[in-house]
Every structure is written in structure tokens, then in C-alpha cells.
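Below, each structure is written out as C-alpha cells.
Shared between the two complexes below is chain A, which pairs with chain B and chain C, respectively.
The block that comes next holds the complex of A and B.
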């Protein structure tokens, strides 16, 4: 779901940084208050966990598999703000250590998946948990991933409006929402279901072993 | 200092490149980057091409098709998009090869600790995951079905989650015992 560098107009990604900066500052303050001295080790371990979770394969029907996004699991286990910070750091590490993803689009990816995706997951889970916890986790994660994918698709979809050259050809990503929404969101309707089921399986294992989650 | 400078120059370059739309300029900059990377060029170029292939081919072909059907020009866009994305990816891979991230973030002691600890923990978690995968493979006679693979993936992620809880406590105690928090008020 990551957007790579070079497809997004500066006015959009710089705007995203302007939105993400206060969110990161608030997250650091909130997480520091919560964890106190344990902030650094907690954040480091969560970042490592988020990094490695993305390498866990989600089995899909037909013998194929995809990668876990892991934000929903992190958010349900540790809260929205720790998940947002850890996921943002993962994006930095992926970009600077592996050359994967992109630094200009980091804020967009972090806001879409790390913050909005995590917040939707936790919000829906809290709303439905009293009725049916497993369903709440699956639906929460599914919706979190789908909403994040929709945001990414919309950001891509507005790029044709960000300018064109003298021949009328686009300067950045060329397709509007009519193309990006089905192409980006469509596959995630299924991938997110696998992620949701897997998230619930993990949480139920952890809860059974009575490790605080 | 060298790493911080490297990181800053790369950041300015990456942002600057997204403001350039002339394929001639982008091509010139890409040529310069390929020449400056020296002996690493073939390896980095191959990695960059593999990294961008899927997205760039899909976007380029899609645009060529839709523009052709509408009778509109497409060459300039395809050239611009591919040169820009390739240049940015090549520069990022070049940076990843040369940057010592721990030194680059030495302006903040806390951030430096987070990065050092996270990199160490990533290795620990990766080893755990490899152990789980190899154990699962060694216990499977044939190709496991979907439910079995799902259970295994769930156990892997569950083990990571538990390990993370324990590691966070352990690292915190280790830092405390070494006096890391003593100079804080």
C-alpha cells in the first residue's frame, strides 16, 4: 500500500508533513507520559516489532500469501499513539536502511496507515468489543486497513489536479480517483480480511497466555 | 558529522528533485548520479530498477494506453515519471549503502538510543521468526493447508508480541541498571 517517492506533488507531501509534525509531537508527549522512563526501550522494541511484523506472511487462498501490515495488531495491543510512532519509525528505517518506500511520502503513509488506520481499528474494536470480541477485532482491523487504503487512493487520485506541463501532460501520478479507488482499495478488501483474522488469532493466543495486551 | 551532512544533503536533493519536471534535467542528474556512484553503480541500478519496476511499468503502460485511446501525447510524461522515480530510488539506495544511521541521528541522544535498540531488537525478532518458520517447515510432511498456515502465522506473530513485551522490560531494566536515567531530573 506504500506510495513510493516521485509520484506525489510537493504541495501535497509537504502539506502532509505539516499535518504529521504536530501529530508526531503529540504522540511523543502522550507516549512519554504513559511510559515515563520506559519510553525509549518501549518505543525501540515496538518499532522493531512493527518492522518484523511486516515480514510475517498472511496466508491467502490458493497457496499464495501477502505481508502483514501489523498496525492494527500494534494499535490493539499497545494503543493508537505508540502504534503511530512505531510505524512512522519503521517507515524511516525501511527508507534509510533498505531504500524501500519513500522519504517524501513518509508523512502521507504514516498518517494514512499509522494514524488513521490505527485509530479506526481501535475505535471500531471498542465499539463492538462488548458484543463480540473476535468479530470486533476482525472488523476493526479490516476497516482500519480499508480506510487507510482509501486515503492512499484519494491522495494518489488528486495528483492530476496538481499541475500539468505545456502539452497538458501530468507532472505527477496521472490517474484520478475513478481509477485509483478500485485499483488500490479493491485488493485490500480481501487482504484486510486475512489481516483481521490473523490479528484476532494473535491476540487470542496472547490473551490465553495472560500476557498483558 | 559526516553522516549528518550526508543525510541533510540527501534530504535537500530528494525534495529538490520533486520540483524538477524537465526530462532533460532529470536525465542529466541521473547520469551524474550514476557516474558519481562509481563501482557501486551496476548493483545499485539493478536494485533500483527491480524496486520500481512493478509500479512504474503499471503506471506507464496504463497511461500510454489511456492517452493513446484518447489520441493524446504520452512520451514526455512516461519519460519524466520514470527518470524521476529512478533517480530518487537510486539516490536513496546509494544513501542506504553509505549512511551510518546511528551516527546520523547523534543530534538527539534519545533518538540515537531508540535507533540503536530498535536495530538490535530487529535482529532478535528476525532470528525468532526464522526459528519458528524452520520449525514449522520441519514438522510439515506435505504442503500445509490454509488453516494450518494461518495458525502458524498467528503463532509467529503472537510469539513476537510476547517477546516484545519481555524485551521492553528487560531493556528498560538494563538501561536503568547502567544509570541511563540518572542524569534526568
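The block that comes next holds the complex of A and C.
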């Protein structure tokens, strides 16, 4: 789902940085103020696990592949803001070490997956946890991933409107939402279900200190 | 002037007009010539070994923002091109689901490829490195916060 460098217009990714920068600053202050030091080792291990999860490629029909996102695990274990920060770090490492995603598009990927994905996951979990906690986690992760995928598809889909060259060819990503939405969101409807189940399995063996913030 | 005397000039006039019209038709004609040359071939593959077939790509010549070549990968997931000048060429592949690949190919004066830059290939090592960096950063963070607390409460 990561958007790589070079596909997004500068006005879009710079705008995303303008939104992400204060969000990161707020997250750092909130985490520094409220985060329990004793949770740092656990945060590190689960962040590393999320990083590894994002490298798990799932083969899809047509020869392409998708991958797990991993932010749901962090969100349910530590809350939205720690998950946002930790996942942003995961995105940086993916970009630098694996060539997945990019630095110019870091803010877009972080906002879509790290913040929106985490917030939706936690929000849905809180709504449904009293009914059935495991199902709430699975559904929360599923919806978080699907919403993040939808955002990514929409950001990609608007790129043809961002500019074209002298021959009328789009300067950036060339496919509109009619293509990106089914192609990006469709596979994640399935992948996210598996990720939701896997996330609950991991969390059920990890001791949680508190409900997501 | 009689009609008979006008016949030949008329015929000549019609003949000239026909030649003129047919010269316009020459503009629609396309000539071809085939030659053997050594092309650079970029072979693409997905993580599970399948080839990305008919995936759009663009190739940019050195210092150019206008595509030198664009098309789709062939039935075996390959892109071939013949660079016509030295410098750093860019091959940009974009899939419909937003994945992409940019490969930078350095071509020398003899139009031979001297360097190819693309995404890292050794995934396992880089994954382990990423895990290591994360755990190491956490360790540094713990140390830093402990020292901060020690200074605050000596």
C-alpha cells in the first residue's frame, strides 16, 4: 500500500507534511508526557514486529502482491499517538532499507496508515469491545486498514489532475480513482481480515497495561 | 479555339492535378527499415517470481523531464531501450495499485551501461537491520530517559 517517491505532486506531499509535522510534534509531546518508561521495551519489540509484518508479501491474483500494514497491532497495544510515532519510524526504515514507500511521501503514508489507520482501529475497538473483544479487535484492524487503503487510493487517484506534460501525459501517477480504488482497496479487504486475526492472536499473548489512549 | 485543341491541355491539367493530389497521399505513407542493435533490457519480476506484464513505464533521457520512450512491459515483463547519449537514464515503472520502481541507469560515452541503481535487493539482511535499528533506538531512548531522571533526582 505504500506510495513510493515520484508518483505524487509536490503540492500534495508538501501539504501532507504541513499536516503531519504538527501531528508528529503533538504526538511526541503527548507520548513524552504520558508514556510509561516500562513500556518502551514492549513498544520496541512490537514496532519491530510491525516492521517485519510489513515485509510479509501476500500473493494476489494477477501476479502482483500486497503486504500487511502492522499499525493495528501498535494502536491496540499502545494507543493512537504512540502507534503514529512508532509507525512513522517503521515507514522511514522501510524507505531507507527496503526501498518501499519514500521520503517525500512519508507524511502521506504516515497520515494514511499511521494516524488514520490507528485512529479508526482504536475507535472501532472501543465501540465494539464491550460486545465481543476479539471480534472488536479484528473488525477494528480490518476497518483501519481498509480506510487507510482508501485514502491511499484517493491520493493516488487525484494525481492525474495535478499536472500534465506538453504531450498531455500526466506528470505524476497516471491512473484515476476509477482504477486505484478497486485495485488498491479490493485486495486489502482480504488482507486486512487476515491481519486482524493475526493481530488479535499476537495481542492475546502480549500483556496490555492499558486501554488505547 | 476549338474543343479538340483544348483536349490535350485539359488532359495535361488533369494529370498534373492527379499527381498533386497523390503527393498529399505520400504524407500518410510510413516507410520502415530493420536493423540489428544491442539494446538494454530491464527484466522485472514480482516477489513471487511472476512477471509484471503490460505494466506502463517511461524512460527519461539524462537531464530531461519529457519521456524519451514510454510503453508497457512485454509479455515477459521486460523493458528494452537503446540509449542514444551518455548520462544517467531513468526508467520509471508504475503499476495501477500505486507500486512502482525507478531504476537509474548510467551510460558511458560508448553507450554501455556502467551502473544500475535501484531498490535494495538483499531483503533479509535489510529486514534484520531494521529490527536491529529499532531495538537499538529503544535501548538508547531508555538510557537517555534514565539519565534524565537521574539528573533530575540526584
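As a working rule, the second predicted complex is superposed on the first by the 171 of 213 C-alpha atoms of A that agree within 3 Å, B and C clash if a C-alpha of one lies under 4 Å from a C-alpha of the other, contacts with A are read in each partner's own complex, and residues count from 1 in each chain.
As a working rule, contacts are C-beta pairs under 8 Å (C-beta built on N, C-alpha and C of every residue); 3 or more make two chains touch, one makes a residue touch a chain.
This is a predicted model, so every value here is computed, not measured.
With both structures placed on the common chain, the touch criterion links A:40 to chain B and to chain C.
For chain A, the partner touching the most residues, choosing from chain B and chain C, is B. In the overlay built on the shared chain, the residue A:6 is in contact with chain B and with chain C. Shared-chain residue A:95: touches chain B; no touch with chain C.
Using the contact criterion defined above for the overlaid structures, shared-chain residue A:168 touches chain B, although it does not reach chain C. Shared-chain residue A:25: touches no atom of chain B or chain C. When both complexes are overlaid on chain A, the residue A:189 reaches neither chain B nor chain C.
After overlaying the two complexes on the shared chain, residue contacts for A:103 are found with chain B alone; chain C is out of touch.
In the superposition on chain A, contact of A:206 is made with chain B only, not with chain C. In the superposed model, A:48 makes contact with both chain B and chain C.
According to the touch criterion, the shared surface of chain A, contacted by chain B in one complex and chain C in the other, consists of residues 4-7, 37, 40-41, 43-45, 47-48, 51-52, 55, 57, 59, 63, 65, 89, 93, 97-100, 165, 167, 169, 173-175, 179. On chain C, the positions that touch chain A within their shared complex are 46-48, 50-53, 56, 65-67, 70, 92, 94-102, 118-120, 123, 126-127, 129-131, 133-135, 137-139, 141-142, 145-146. Residue ranges on chain A touching chain C, taken from their complex, read 1-7, 37, 40-41, 43-45, 47-48, 51-52, 55, 57, 59, 63-65, 89-90, 93-94, 97-100, 152-153, 156, 165-167, 169, 173-175, 179-180, 183-184, 187.
Those residues of chain B that touch chain A in the shared complex are 7, 11, 14-15, 17-19, 21, 47-48, 51-52, 55, 59, 62-63, 66, 72-74, 76-77, 80-81, 84-85, 87-89, 92-93, 95-96, 99, 101, 110, 113-122, 124-126, 129, 143, 146, 149-151, 153-158, 160-162, 164-165, 167-169, 171-172, 175-176, 180-181, 184.
Listing the residues of chain A that touch chain B in their complex gives 4-10, 13, 37-49, 51-53, 55-59, 61, 63, 65, 68, 70, 73, 77, 89, 93, 95-100, 102-104, 165, 167-171, 173-175, 179, 194, 197-198, 201-202, 205-206, 209, 211-213.
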